[in-house]
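My questions will all concern the structure given below.
Labels A, B, C and D are assigned to the chains in the order they are written; within every chain, residues are numbered from 1.
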Amino acid sequence: MSDGGASENPPTPLSASHQLWGGRFAKPPSEAMAALNDSLWIDRRLWPQDIRGSQAWIEALEHAGILSAAERQTLHEGLDRVGERLAGGGEADATDEDIHTLVERLLYEEVGELAGKLHTGRSRNDQVATDHRLWCLEAIAALDTEVSRLGASLITQARAGIDLVLPGYTHGQQAQAVRWAHVLLAHTWPLVRDRERLAAVRHRVAELPLGSGALAGSGVAVDRELLRERLGFDRVSNNALDATGDRDFVVELLFAVTMIATHVSRLGGEMVTYSSTEYGFIKLSDDFSTGSSLLPQKRNPDVFELARAKASRTLGNLVAMLATMRGLPAGYSKDLQEDKSLLFDAVDTALVTLPAVRGAMDALEPVPERMRGALQESLLATDVADDLVAAGVPFREAHGLAGKLVRTAEELGTSLRGVPRDRADAIHAALPDILSRLGSFEESTQRRATAGGTAREAVLAQLESLEGRFL
Amino acid sequence: MSDGGASENPPTPLSASHQLWGGRFAKPPSEAMAALNDSLWIDRRLWPQDIRGSQAWIEALEHAGILSAAERQTLHEGLDRVGERLAGGGEADATDEDIHTLVERLLYEEVGELAGKLHTGRSRNDQVATDHRLWCLEAIAALDTEVSRLGASLITQARAGIDLVLPGYTHGQQAQAVRWAHVLLAHTWPLVRDRERLAAVRHRVAELPLGSGALAGSGVAVDRELLRERLGFDRVSNNALDATGDRDFVVELLFAVTMIATHVSRLGGEMVTYSSTEYGFIKLSDDFSTGSSLLPQKRNPDVFELARAKASRTLGNLVAMLATMRGLPAGYSKDLQEDKSLLFDAVDTALVTLPAVRGAMDALEPVPERMRGALQESLLATDVADDLVAAGVPFREAHGLAGKLVRTAEELGTSLRGVPRDRADAIHAALPDILSRLGSFEESTQRRATAGGTAREAVLAQLESLEGRFL
Amino acid sequence: MSDGGASENPPTPLSASHQLWGGRFAKPPSEAMAALNDSLWIDRRLWPQDIRGSQAWIEALEHAGILSAAERQTLHEGLDRVGERLAGGGEADATDEDIHTLVERLLYEEVGELAGKLHTGRSRNDQVATDHRLWCLEAIAALDTEVSRLGASLITQARAGIDLVLPGYTHGQQAQAVRWAHVLLAHTWPLVRDRERLAAVRHRVAELPLGSGALAGSGVAVDRELLRERLGFDRVSNNALDATGDRDFVVELLFAVTMIATHVSRLGGEMVTYSSTEYGFIKLSDDFSTGSSLLPQKRNPDVFELARAKASRTLGNLVAMLATMRGLPAGYSKDLQEDKSLLFDAVDTALVTLPAVRGAMDALEPVPERMRGALQESLLATDVADDLVAAGVPFREAHGLAGKLVRTAEELGTSLRGVPRDRADAIHAALPDILSRLGSFEESTQRRATAGGTAREAVLAQLESLEGRFL
Amino acid sequence: MSDGGASENPPTPLSASHQLWGGRFAKPPSEAMAALNDSLWIDRRLWPQDIRGSQAWIEALEHAGILSAAERQTLHEGLDRVGERLAGGGEADATDEDIHTLVERLLYEEVGELAGKLHTGRSRNDQVATDHRLWCLEAIAALDTEVSRLGASLITQARAGIDLVLPGYTHGQQAQAVRWAHVLLAHTWPLVRDRERLAAVRHRVAELPLGSGALAGSGVAVDRELLRERLGFDRVSNNALDATGDRDFVVELLFAVTMIATHVSRLGGEMVTYSSTEYGFIKLSDDFSTGSSLLPQKRNPDVFELARAKASRTLGNLVAMLATMRGLPAGYSKDLQEDKSLLFDAVDTALVTLPAVRGAMDALEPVPERMRGALQESLLATDVADDLVAAGVPFREAHGLAGKLVRTAEELGTSLRGVPRDRADAIHAALPDILSRLGSFEESTQRRATAGGTAREAVLAQLESLEGRFL
């Protein structure tokens, strides 16, 4: 296939001469295997976690009497220098099998044969699980911040829009008059749940696998509590075979990200609708709109469309990881190597989507006259039914009578209030009076003052509850 | 298509004459629409929740002055009688649109026109969300019980198998000698996490949507705290539009079930392997084996195969629900009706799989001689490397030397200990002594005594920690 | 859990005494295993295929000298009687392991010990694959018919709507004026592809596995060509291990159904939008609308919402099957038993959705005045740019100038034609003339007459090409 | 987050000053939007297709009288020079919105203002669909080649292994003796189906969208037949709205890739099992094995494990794309931009997995003595049953008798032939004779000579049929 063809990415790696294994083999890895197997192009970003974990590990080796204080010091400084070489994209041409191999190779370059003591009592199985969990802890913090920022943006818009009334929708159809703030906060409460979930995932991520060896526990009597404390975990893992073969924490974070993305997709989908010419409830700012290469007049809501789409992408990542784990025995299988690229992609997706959506929400402007203009008088039909109930009619009957009123108005091509008195009276004797007293759309919202309702005070109560959590 | 053809299930329903809506329409629902739209065949099982929710609702209506005490009493007793009619599969021929319609229709039959007051201030949107959450609370309790029972079964087998030693595997290859209990507990700890997740889901399920109306809050000033207390929820929902359009609780429970199923699939997959002729580590009992219609000698591990497969099914359900929610606006859309059949299927699947797997685990017998017979001496290579480290060789070098020893033994067609002294000495001077002191497989397990390791005391510590949680 | 609780469905079966295996076992299946393992509640609908396959099989056994002509005759008639007993839901209380066991048990009841010869040289593995493929052939024909009918409905609406002009959308934003027929046919061409795919799936389904035995070929020298011919397959399978463990045909049909459902979801989603108050381009008929239990005025597009949702459900089924097959060895594993419930559900879903959507499309009415009223003059901006190109301006520059014109019109709060001559002239000297000659929306559609364009003749050409295929 | 943190990838792009739109906007795109929206890091590899498509387009513009011959010549050569600049990773620092923008900007650099005529009558919507389809055509050819090569490798191994007999498995349990070639070909026939599917996808990909404009057809009367012929498509698209919003071809190729990956996962899973110590049927070569960083003796089948896992990854991509398309209206929505990264990842995955698996299959060695040694005499139980049938016992009864024989042998701890004559006779009088005549495992395979059976001639027939297709 020509340049630009299907095989361009990932880069075909050539395994470097340094390997963490191979003593038992007569031949080096084939190129075809290395192309499939090598993971440096994916896991290279774990270098800070790998170095941090190794620095904790050598401290534990010193405590266990494997390293002298001087050896530990030399290795620690050597690892610092390796980190300096890797920061900012250094060693870009490295072709090692993975980040662990690269770090160890560079450590050999820095401190010589002493580097050979680093891996004592450790396996890549507990090492990579530790690195990945450290990365997840950082990712969760970053996600929580971005979710919180989006929530704050929605709350700010909601506070400003407390007195804007627009149609509320079910089934994509006008249902009842609601406040703009009511709608925006309906997209905010899911973010509260997202942050709860992130905290719960954090709890399960914060379990240290280091010291589990390959599957059976480390052969060195390392102090796992010391490791835990140094690396900022909450607990140490309980079973070495589980600790090295478990990827629940990856799946659970993928799920939490997918839920976030799904919520943002619902917000995005609704904003796409509201930004259409036909609705026109919001106006996107110029710097959060795109144009068309052919149609000069276009103002496209790409940010919200992509927000709508990205939940599918993260769902795909979640599916891939769950399907990978299904049926695997306990302990490490190479299949689990997929965990990193899938999670990295999902977290990256969320971290690029959330700021864009937040920016677009910050910058959009509601269009009050279009909101108000869209309100159909038939939205007051429920109020009519409620008033019939107040006049003693059982609700089910009242609902049917109000329905007949709507149908009559439709047939006459008029509004509810436009139905002639005699026609209304023919439906139910109380109707003419009820229609004459029928309130405004704003008054209609005020009739729904239960907790969570769209009445002004109920919405204000939501705002007060939320502001403490996000701002 | 002939009888038995593709369109047999679901049954084509004919909508009954009683409808919760329709006053505004000139024509009844078409048969083709009803076949797609009607959900009684799915949601009929929600009848106990529907009646319970309605009984709480009429209490709230009485408090709000909508019903007299006598009316409430009549409705309450009428609902009790409706429940009696529905219990045990009653009213099997009903063709109502959904369970809510059926219950209301039967209530009319029981108490007459007064039934028309039941739905005052309520919408099917908040009603069905309430019913479904009530069902979820029960389902979570049932799932937790079954997960706990499976854990207890594994713990019992592990306690009995503390002194059985077998090969431990990574990459499907023998890696180190481990205890049978170590393996079984590696499948138990995931269940601890599952129960944590179920508790977290329960927390989010236990939020009462009733009183949200269709999207804007109830038009009746019902006491939502009273409803919450009567129905056993922890909190009331905060935003009516979110409360009626939110299905996070469904997705999150689907996810928790999928994680459980994934863990059981890993156990199942491993047991399928161990029950093969080639491994032979376990023997399935006759009542948890199946045979072949053609091959008389077969003893098939169907339970474990199905356990392996079912995680795919629940994953499918999870995907379907997440994909359904993506991009929907806030508030109720009919798309969300899919939530029930997907969740019911996943929970049913788990509740039929868990007892079968537990039964099979209770009844299987380990085969100690096959476990021991499978242990290859090369599993001690890590001990050799560790002993070289103790003799002052840096680990990376020791690992290479042990690898050479393995390769030499392989070339000579002998065991590690069978490598002639001079050949071992040529690899490293310390090797002959190390090989002569090399311990048993049991001694090898005792070298891994860090927390979570496979040494006897470390495994006992796990057992003690777990027994308090499951038994 | 109470009645109505989570474990209600599937029914807990009690395996009947007749079994196709068990000679080697001392204990019957446990209840917990049977509840997981038994599949009669799912595969019972395969009874016509099972009987038909068995009738062909005994013919082959006769040819192979295993059965006398009289025995074959007796068995054939016995199977006919079994079919009569099963038709219309007979033997509803049967608790056999699966449909194959039930049919064989009933055959024993009909013809006595001779029934024991039926299964000679056959395995359930090749039997069930044959039954399922026969079912698929029927399902494909039914799906093709329903897809074709939906296409015909769209074509009829398109023919009637050839002269209705409305905004065409990209990014959910008005883009260019198009014909209503152009939109409807954009949803029809995907159905052409769907039918191509169904035909391709049919080709792969039509491969006969019968005669493969359990995995190694039948031990009886049956004439597989005779079987093929009797059962209406195109080819016989090539490898017995592949034939019994292959479920590609199930996955491929699930995929074809998911594509159909996805296309219908796109149509459904667009109709939901067009039926909103804000768009108002179509009016749903009363018998394809639903109402609200609370809001008397609602007219909900449930059919189109469910059509939008169902593609998620079938996607879930597809995922479940693909994830099930991943990593399985060649040959039959019990995991594959999942294939039937997943496919049945997907096909049932499509066969209930397609007629509902077709009915709704047949019955909806376009609203020409709302279509025309929605057209914004800025949709002509591309025509302006094209006219600038005709006046010698390179397109990229022309596009920018037209964009400036749009911005100017927006700032002035006017239409394109409303921009004062001097302001237009300031943008480009040719603009005033171009604006004065700017045509109607209909004329604008006529400017796009390339194949596939929205000009009247181009749309008519599509109609003619399609009508031959669907009607 | 620190360097190495979660936001490292994708690179944050800064949109370059050249844009294909923007005349109507007062502000440039925000950085946050560009980070989400820009796609150059993904679609850059489409540059050869973009240039090729543009060169065809200008030829059509010349035919339509939009460009002079000299202008076309200048643009054509300019595009050639742009291609030279982009080949081999050139213009690596470009920060344009996408590859189309980059190519147009570079063309301006090469030929000046004339570049502004390139996009006349074209939209990015039809342009990107054309580029992507061109890429798919190349990808399909590359995939077909690699699938064919893997098939050839399996066929070669099968030819060499025609006389090796090993246990065949169902349910992971020994079922009947089969030939090694029978097993390998069971993994080859699915590849025949894969290639059929690739050909079918190719057919649907080869439909030219160019000339569709943004949604309504091109405003320029280009000769679409000329475009089709120049770009090597089979047909032109039929409806501009469908042509620009359709991504069926992407989904269908994702599905074909997932099926390939699923087949390879089944092969991989089976090879992982066979390479275990306990089975030992195959020996991996050194250059297709990996070792352990901790356990010196390990020989890991990473290639086969990753092959097993990768089908989950491609499934995730398929899910993401299908879920993205669900519910979108006809025509282009930005959501569809996800199509490229998902497909590129899936195709790359397949193209790196297939050669690795092929290499591993080429290099592995069967271990005949382990295959033969694993065969259990109970595998002959079906032959015993068949012989009872030949002695006049109905099959169902014969099956039960053979089962009893197996159970008796198990209880006595002996083989079938080891069951004492009187015990056999007690089960059925014909058994002692049958047991004395019972053949070898090889003879057992010869009893299954129906088409697709494991008898030598039947397997040879398969080989002959396949060799013509792959070699």
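By definition in this document, contacts are C-beta pairs under 8 Å (C-beta built on N, C-alpha and C of every residue); 3 or more make two chains touch, one makes a residue touch a chain.
A quick note: this is a predicted structure, and the numbers were derived from the prediction, not measured.
Any chain bridging subunit A and subunit B, meaning touching each of them, is among C, D; the list is complete. Just to note, of C-D and B-D, the chains joined by more C-beta pairs in contact are C-D. In whole angstrom, the spacing between the mean C-alpha positions of subunit A and subunit D is 30. Taking the mean of the C-alpha atoms as each chain's centre, subunit B and subunit D sit 31 Å apart. Annotation: 23 Å between the Cα-based centres of subunit C and subunit D. Each of the following residues of subunit B touches two or more other chains: 20-26, 119, 125, 170-172, 175-176, 213-214, 273, 291-300, 302, 305, 308, 311-312, 315, 318-319, 322-323, 326-327, 333-334, 382, 399-403, 406. By the touch rule above, subunit B contacts subunit D in their complex via residues 167, 170-176, 272-273, 275-279, 291-302, 305, 319, 322-323, 326-327, 374, 376, 378-379, 381-382, 384-385, 399-403, 405-406. Within the complex formed with subunit A, the residues of subunit B that make contact are 20-26, 66, 104, 113-121, 125, 168-172, 175-178, 182-183, 185-190, 193, 196-197, 200, 204, 211-222, 224, 236-246, 248, 251-252, 255, 258-259, 262, 265-266, 268-270, 273, 308, 311-312, 315, 318-319, 322-323, 325-334, 382-383, 386, 389, 394-397, 399-404, 406-407, 410, 445, 447-455, 458, 462, 465. Per the touch definition, subunit B reaches subunit C in the complex via residues 1-10, 19-30, 32-33, 35-37, 45-49, 87-88, 100, 119, 122-125, 127, 135, 138-139, 141-143, 213-214, 285-300, 302-303, 305-306, 308-313, 315-321, 323-324, 333-338, 342, 344, 347-348, 351-353, 355-356, 358-360, 363.
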